[in-house]
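One chain, chain A, appears in both complexes that follow, with chain B as partner in the first and chain C in the second.
Our next item is the complex of A and B:
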């Protein structure tokens, strides 16, 4: 590891060292406001460094890439961490969260996500995935006086640990069959070693199962609604956006890095995408709890992503990256509204609590509607452009059947998203909820601006992303 | 290598399936976590075997990483065990069924 390598790692190092410092400070100093401010500052510094510093070597120690693709996601996840910290200040204070630990865990998980989005080796992939999963285990059950939080933490821990087992054994088999951890070579090595090939394919299957758990593809999605419902709302936002997006980015890295070597996996991925979209849509329809509804909606969104990954074309990969960006802001916005309406007595999750809220709290009603319509793919929002490029890439790549299913799933999705919007603007039976504070409104503003900007003027970002694909 | 490579892999696969069986069959949280440990150890066996077969140290280095990661995971899971036991008075996974819908 040379000095240049360390410089190329600078954004992640800033996050990790900042998180460690805040953890130490938090041991003696318990005031939440300065600690959260410190965390936001660290995350923003990391985002700026990742955005402007020229990445000299493109690969660090054969483990992580520092190419523009990885840098893009480092910026995105650092910004996400900053937004989530801003969102958490009041929520965490009202629930007596230990501020030092909370802030540092969010920063640690952002560092893990930034590394995972640029992993070029199976070792790097495994370690970065675990580093943020371990932080999330703690964050999910961070609210110690909450029954639901304990149960959600248990479910996430057990299923996450099993997924880790699958991932580790899958990587071990790939290594046994190909003799290398480095990603393009590990896939190409499978072609060479004839008699070990079945083991290697089994290994990729197991890794796929683990990935399925992490991004909750059907049939590995069962933990998702429970964990989303039980976890604190800002942590759910991180789970829904960062942890899924980083795994999605890692998938793009793996598949784009070794074209033509994963043809055997296509039928399997095709089935997973189909099942994910169908089952996710059908389960989302009857939900009466907004967090569970968003959980199933995230399941469906991961199905859309797989649809565009299948053709293995550059258009498909850039569509996935664009969609992940839009999805991150839309999903974060929806959870930010839930957070800003929560007070010390709890979160308003049931739809009955939201009846008529659009009149009582017009700003947050409008932001929630914009986020949900973007998730559904309404024109003028970023979600529409995202879905358009996704499905266009799938059809161009010859996966017309799957694209038709995806379009049908989006039509169904209008039903469940619009139901929430109708509840918001239905008869006014709203009760008093928390008015929210300035920081939370700033986060909402960022999310809604991003959604509308990407919906009205997506060309610059699409062009930028097209240059990033490895 | 004295032992044929296929035998190492088959042994690791059997270990992995046994660990998975433990996770699926047992309802006590501690037994589930032990099952996960067995699954991770199966991975370690396959990695060390692969390392010997390809005459590289990469696999063994990864096993060291895996051990470090596992101990972090065990630390978190045991903290969770203590917390759940205090909070709910039980470690039976089936009793945690409050979240539905």
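Our next item is the complex of A and C:
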């Protein structure tokens, strides 16, 4: 490892060192406010370094890339960590979370996500995926006195461990078949050893199962609603955005790195995308709990992403990256509204609790509506442009049938998102909930600005993303 | 006249038409203090928009073909998407109708007490979206689609929050129906865009470019089908109309005016502007089919209107029936019938808007919309009843009143190219007379229900709503020439190259 490597790793190093320092400080010093402020500062510094430092030409230790693509996601996940920390301050204080540990775990998971988004070897993929999943195991059940949280943590842990097993075994098979961990080669190596090819493909199938667990593709999605419901709302936000987005970015890295070598997996991915969109949509329809509804909605969104990944075209990859960005802000915004309306007595999850809130809390009602409509793909929001580029890429790549299914799923999604919006504005009486604080409103403002900006003037980001695709 | 336009080439009049109502809507939302201020703010906004569109009408309404005004800027270069607005004679009339009816809608919504700022804001957003639909023509299909969708949500909220008893169901149904159509259109749009990009190598969403795409007949039918599904649901043509009576009868008064006067017209406008010119062969081959649907709608809806007991539903079905005649005129595919159809779109907007306004005024006095519980209104509120009679007669096409000119042009034009269709359509007009006279008879004459108390006749605000509408109704009937003038050029151009 040379100095150049270290420099290339700088954003992640800042996150990890900052997290470790805050963890140590937190052991003696329990005041949440300075600790969270420190965490936000660390995340922002990491984002700035990732954004301005010139990208290093080399791979880091043959495991991680520091190409612009990885840098983009390092910026995104660091910003996400900062926003989630801002969101968590009151929430964590009211529940007596150990601030040092909480802050450092969020930063650790952001570091893991940043690494995963640039993984160039199966080992790097495995290490980074496990490192942030480990942080999330703890975060999901961080609220110790809440047994829904404990249940969610256990579910996530058990299923996550199974997925890890699948992935480890799959990687072993791939290594046996191709003789390398390095990513484009591991796929291309399959071509060389013809008689080992079935084993290699089986290995990729197993890795796909593990990935399916992480980003909750149907039929590996069963943990999602329970874990979303039980985890603390800011952690659910991280789970829904960063942990899925990072895996999505890693998929783009893997698939884009070795064009034309994964044709055998296409029917499998096609099936997964179809099932994910259909089952996710149908399950979301009857939900009466907002967090469960968002869980199923996140399932459907991963189906959209797969739809655009399938053609294996640069347009498809750019579309996925753009969509992930929009989805991150929209989803974060929705969970931020839930967080900011929560108080010590709990989170408003049932839809009945949301009746008429659009009038009592106009800002948060409007932000939630904007986020949900963006998730649905309403024109003028980023979600529309995102879906437009996704579906255009899918149709162009010859996956018209799947694109039609995706559009039908969007139609269904309007039904369940709109139901929430009508609940927000459809009734005159409303319950009194927490008025929220300035930090939380700042997060909401960031999310809603991003959604509208990307909906009205997406050109700069689209241009930027087109240059990133490896 | 044209020197005026060239003298001020830089001023973005069209963006102003979209931006004014949007700005008004935001102001309404931001100032949350008093309902009264919001009403005045909304009225001022709609009046300003009306003034701009009147000015454009006066300066540009002389019937030249081609674009009268055009604004164009790069938007998303990577996908060949541009921000282009353009105005021709047809959109000019639609813009004028939009601005006029929204002023009326604001006045009708004046007595609304609940959540006035939000209500006015939604009404103004709707106006902005409609302006976008009528202006985003030349370049950007995407912009058209944006506005097409953007006007959907305010309407859903207007129905879903301020509507009558069955509002929630009607709102969701309206939304899903419209959205199903729009998504079909979106797929067709993307497919067309990709085909064009594959053929030329330069992606573009410009209407003029896409019209040059080489398509096989099958492709053309499929894409035409995608576009027409969206427009047919919106218009609505008969097998796709079931959302409309619910939406119209459950929506608040101002929403009904908007929905019937303007939103339904966007479907027809979409056919004229996009579906027909983009897919000329498919259009030519499906004209008889379109005419059959139109005739079916004309009779089916008229028959249903005759059977209803709810006055709003009668008017809803009468709208479907009238729009059947409009579509028939379009299917006849000649200049006379097209001018008649477009004129009928405008007059129908004015007349039906006025009818819904009067019904809302009656309803606020009697508290019911069941025909059986009304009657004898002429004795109680003579002026209001007189207005209702005037608009009802205009609606059934009495010579000298608004709808007559349009209807006669449609029938004449249709008779010229397809005599059979015109003959088949004639009894439809008799049907219209039947259900409208039943409506008038049941409401205005006959014995008054015993339990009715005293009712006040028109207030000043109501006079202000009805007088301009009545003047327009008579004017459009006696001297429609100024409104036909801007159509001459564009209609000829749109029909060019086809039978």
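Assume the second predicted complex is superposed on the first by the 469 of 470 C-alpha atoms of A that agree within 3 Å, B and C clash if a C-alpha of one lies under 4 Å from a C-alpha of the other, contacts with A are read in each partner's own complex, and residues count from 1 in each chain.
Methods note: a contact is a pair of C-beta atoms (placed from the backbone, for glycine too) under 8 Å apart; a residue touches a chain by one contact, two chains touch by 3 or more.
What you see is a predicted model; the values in this text were computed from it and never measured.
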item	value
Touching partner for A:134 - first (chain B), second (chain C), both, neither	first
Which of chain B and chain C A:391 touches, first, second, both or neither	second
Partner chain in contact with A:158 - chain B first, chain C second, else both or neither	first
Contacts of A:275 with chain B and chain C, given as first, second, both or neither	neither
Chain B versus chain C as contact partner of A:169, first or second or both or neither	first
Touched partner set for A:150, first chain B, second chain C, both or neither	first
Partner chain(s) touched by A:229 [first = chain B, second = chain C, both, neither]	first
Partner chain(s) touched by A:123 [first = chain B, second = chain C, both, neither]	first
Interface residues, chain C side, partner chain A - complex	32, 74-79, 114-115, 118, 142, 145-150, 153, 156-157, 160-161, 168, 171-172, 175-176, 179-180, 183, 186-187, 190-191, 193-194
Parts of chain A lying in touch with chain B, wherever the complex brings them together	123, 126-127, 130, 134, 137-138, 141, 144, 147-148, 150-155, 157-158, 161-162, 164-166, 168-169, 171-173, 175-176, 179-181, 199, 225-226, 229-230, 287-289, 292
Partner chain C, residues of chain A touching it in the complex	359, 362, 373, 378-380, 384-385, 388-389, 391-392, 395-396, 400, 403-404, 407-408, 410-411, 414-415, 418-419, 422, 425-426, 428, 457-459, 462-463, 466
Touching residues (chain side chain B, partner chain A) in the complex	5, 9, 12, 16, 19-20, 23, 29, 32-33, 36, 39-40, 42-47, 49-51, 53-54, 56, 58-59, 62, 65-66, 69, 72-73, 76-77, 80, 83-84, 87-88, 93, 96, 98-99, 101
